[in-house]
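Common to both upcoming complexes is chain A, partnered first by chain B, then by chain C.
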Partner chain A sequence: MKHTISVLVENRFGVLARVAGLFSGRGYNIDSLCVGETVDPSISRMTIVTHGDDRVIEQIEKQLNRLIDVIRVNDLTQEDHVERELVLIKVKAENEKRRDVMEIANIFRAKVVDVNPKTLTLEITGDEEKINAIIELLKPYNIKELVRTGKIAITRGE
Partner chain B sequence: MKHTISVLVENRFGVLARVAGLFSGRGYNIDSLCVGETVDPSISRMTIVTHGDDRVIEQIEKQLNRLIDVIRVNDLTQEDHVERELVLIKVKAENEKRRDVMEIANIFRAKVVDVNPKTLTLEITGDEEKINAIIELLKPYNIKELVRTGKIAITRGE
Partner chain C sequence: MTKRSGAEILVESLIQEGVEAIFGYQGGAVLPIFDAMHEKCPIQFILVRHEQAAAHAADGYARSTGKAGVCLATSGPGATNLVTGIATAYMDSIPIIALTGQVPTSMIGNDAFQEADIVGITRPITKHSYLVKETKDLARVVKEAFYIAQSGRPGPVLIDLPKDVSAGFAEHKPLREIEIRSYKPTYSGHIGQIKRAAKMIAESHQPVIYTGGGVISSGAAKELKVLVEKTGIPVTTTLMGLGGFPGDHPLSLGMPGMHGTKYANLAITESDLIIAIGARFDDRVTGKIDEFAPGAKIIHIDIDPTSISKNIQVDIPIVGDAKKILQELNKIVTAPKITAWTKKIKGWKKEHPLVYKQDGELKPQYVVEQICKITKGEAIVTTEVGQNQMWAAQYYLCREPRAFLSSGGLGTMGYGFPAAIGAQVGHPEKLVFDIAGDGSFQMNIQELATVVENELPVKIAILNNQYLGMVRQWQELFFNRRYAHTFLGAIPDFVKVAEAYGAVGMRITKPEEVVPALKEAIHTKKPVVMDFWIAQEENVFPMVPAGAALTQMIEGMA
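Moving on to the complex of A and B:
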């Protein structure tokens, strides 16, 4: 099963290598990972998406909690939460193809962040389903470059 | 100096731990890191923001290039590129404060992704300057939770 794990850590060097090492040490791949500062720059938040056996992931979460720089581990999978991802897509869009690509961009409320005679670069945010849908629609036009942040998540409610 | 480094890697387990280890092994902190799949799910792209001595960062980039799962390393700092980040912010917004928070949200074209009697959760994308500006404006209202993806970047032009 897919798990979205939110980990609050002290912003010290080496913490990312230790967290990533916990997963790889058990042969677990990280599907996506984001890490950035919180309001307090001495504290960072990682959002990790992984999949696999629930029991093993539970063990990894327990071991994460034992790491010295880890403040809190939340598995958001069971909680009511909002998930979002940001993607930048550079797609070939010459001549009459540009209008087609713009039409897809408008349907998904994507923003154009760069344009030149041969390509368009779009910025899209949304949940996994929306992101995957626009990627599938743009594939036939030839995607030259695709950069995704990976998922971040926040609990609903207070 | 700040560097934004884009690293294309084989999507194998352990690669993130090795990349992160290269930085921490030299005492270098990673300010933010995103990793997600590309169009080809067997290949992922990492966007790493770090700062420090240019010569040391150049050495780290050379060592990254030597890692077996690393396909390509681009330091985007010197290239013309677009940078974007996604942030979710849960801010206290009771009664008459809600209108104030909504006004700030509208100025920054932030989207409301969750609302309840006590808080509003906003989604904002932009460059570092814009993100920092809205965070500063929302701080006095009491930010309950802040999750940021960290920066991703894409070159301009074809």
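Moving on to the complex of A and C:
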């Protein structure tokens, strides 16, 4: 099962390498990983999407906690939370195809961020379902390039 | 405030941490540090002959004294030579501080002469590490490093010191305390869990206590003894835990696992409750995991949450310091009714003792037994890796914690001799034996120069079978006796080697020579190399083949 794990770490040189090394060294999967500063610039948040059975996820959490620079580990999957990802898609859109692509973009409230005679570049944010849906719909039009930020997430409520 | 050099700040910080000895080697990037130690420095410096030995010696010092051991090496090759020693300490949770020189900060990343990314290289084998970028950070980094290495589940911490940082200047005010917001080890066990454990113990019929290195590192040997005396539950002790419970105690079952005693493995297999204390269910202990103690409930006391339910599902986890938890447990625990069980175990002990054939040949087990007898089990024993290690574990009945030092997790050949150096430096008054193999000893044989120069009277007992014996044993059992590259034909004359270095060399080829030779070696105030020519194809038994269940024991050759 997929888990979204939110990790607060010291905003310090080398921390990302420790976290990434932990996953590779112990054979855990990283589906995506996002890092950014929090309101406190001395602390960064990593949002890691991973998958594994309960035992593996439990080990991942414990192993992350064991790193000296890790302040807190939260498995958001256990909590009510909002997830978002941002994706940029460069898709072929020539002649009559262009209108089709625009239509799909509209339905998904995607923004057109770059236009040229052969392609359109769309920006979409949403949860995994929405993102996967638009990618599937655009695939027949020939996606030239796809860039995903990876998921970020935040708990609901206070 | 007057400014001090980074090297001076480093040395002062080390003194403030109570460092008495440093094991290390010179080099370009550490020149300022050596210079700062050159005069009027209360720290004893032991110049080894290979940096690997510095790391192992720091480790042996730490294991035997309970204080962090310190090693120091130059950048690049000096630092990479430490790697095996750091990994060894990491696998066995030993607090060492590895100080490495580094090229100047302005040159890092340029493939400068003798540059190696040692922080990167050692990331998976250190508890934590630092690359110090400014001289002003040094005092804090040293303080944090010692705290991290020695607290919680101990482990090695590396501090990488660019040359301009140690040569640079900064104001220095010694730090008394530090606070690391992201690092707060749990020491006290959950009291509700401890109560549940006491209840489970009281209701058990066939319990076994299974202890590891955690008992030693938390200093819980006394509390463990109280628990055993209160409950009458027998104890099996892993390689890492030897000495945590007296090996000659009537309730001691010796070691479990691959080369454990048959009675320890039988007791585990038939138990209805395992009380694991500071042990981590290593595969060398459990054998085939699906058939490990099938009827047992498990209480697991460990300071490291990641050890719990990693290999085996636990019924009552208690995270915290073994000593503290046992103190609480001992207050409320009551004795279970286990007379039938202890009687059964006594029967097993009688039926399946550790044995070897005494047929006139010089047997390694006999040598170890005699070392144990003559020293009354009160020496500090280090081991190399292989058969020698297992014979030492089986036949040297260690009675005190911090007196049996062996590379358990990594299984590092070449560990024992430099570890003995560290132990002897930490305990100048004690007798220190390295129970060695001919292969392993040759991995750090150059340290003979170190013991001679520093007048460290360690005794090296080489159980010389002219083989990489443990590997040969596997070939004999599992590869049709095809001894591919395990015969060490060109073994040097160890007596002459010892003498060439200025140590004492002795050769022992017959059983009746063993005791007189040991007595003489112990009386000699010099380092002694004892070359025991043992029966070459002697095997370590019992043996549970890798991946087999604990009940699948081979007890001897047909």
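Operating definition for what follows: the second predicted complex is superposed on the first by the 158 of 158 C-alpha atoms of A that agree within 3 Å, B and C clash if a C-alpha of one lies under 4 Å from a C-alpha of the other, contacts with A are read in each partner's own complex, and residues count from 1 in each chain.
What we mean here is this: contacts are C-beta pairs under 8 Å (C-beta built on N, C-alpha and C of every residue); 3 or more make two chains touch, one makes a residue touch a chain.
This one's a predicted model, so the numbers in the text were calculated from it and none came from an experiment.
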- Where does A:Thr4 make contact in the superposed view: on chain B (first), on chain C (second), on both, or on neither? neither
- Query: So, A:Ala17: does it touch chain B (first), chain C (second), both, or neither?
  - Reply: both
- Item | Touched partner set for A:Asn74, first chain B, second chain C, both or neither | neither
- Which partner does A:Gly36 contact after superposing on A: first (chain B), second (chain C), both, neither? first
- When both partners are placed on the shared chain, which of chain B and chain C touches more of chain A: B
- Query: Which partner does A:Arg55 contact after superposing on A: first (chain B), second (chain C), both, neither?
  - Reply: second
- Query: Given the touch rule stated above, what does A:Asn65 touch, chain B (first), chain C (second), both, or neither?
  - Reply: second
- Message: Taking the stated contact definition, name every residue in chain A that is touched by chain B in one complex and by chain C in the other, in rising order.
- Response: 13-14, 17, 21
- Note on the structure: Given the complex, residues on chain C that touch chain A span 119-120, 123-124, 127-128, 131, 148, 180-183, 304-306, 309-310
- Message: List the residues on chain A that touch chain C in their complex, please.
- Response: 9-10, 13-14, 17-18, 21, 25, 55, 58-59, 62-63, 65-66, 68-71
- Message: Give the list of chain B residues in touch with chain A in this complex.
- Response: 6, 11-14, 16-17, 20-21, 23-24, 27-39, 45, 47, 82, 84-86, 88, 90, 113-114, 116, 118-119, 121, 123, 125, 135, 139, 143-150, 152-158
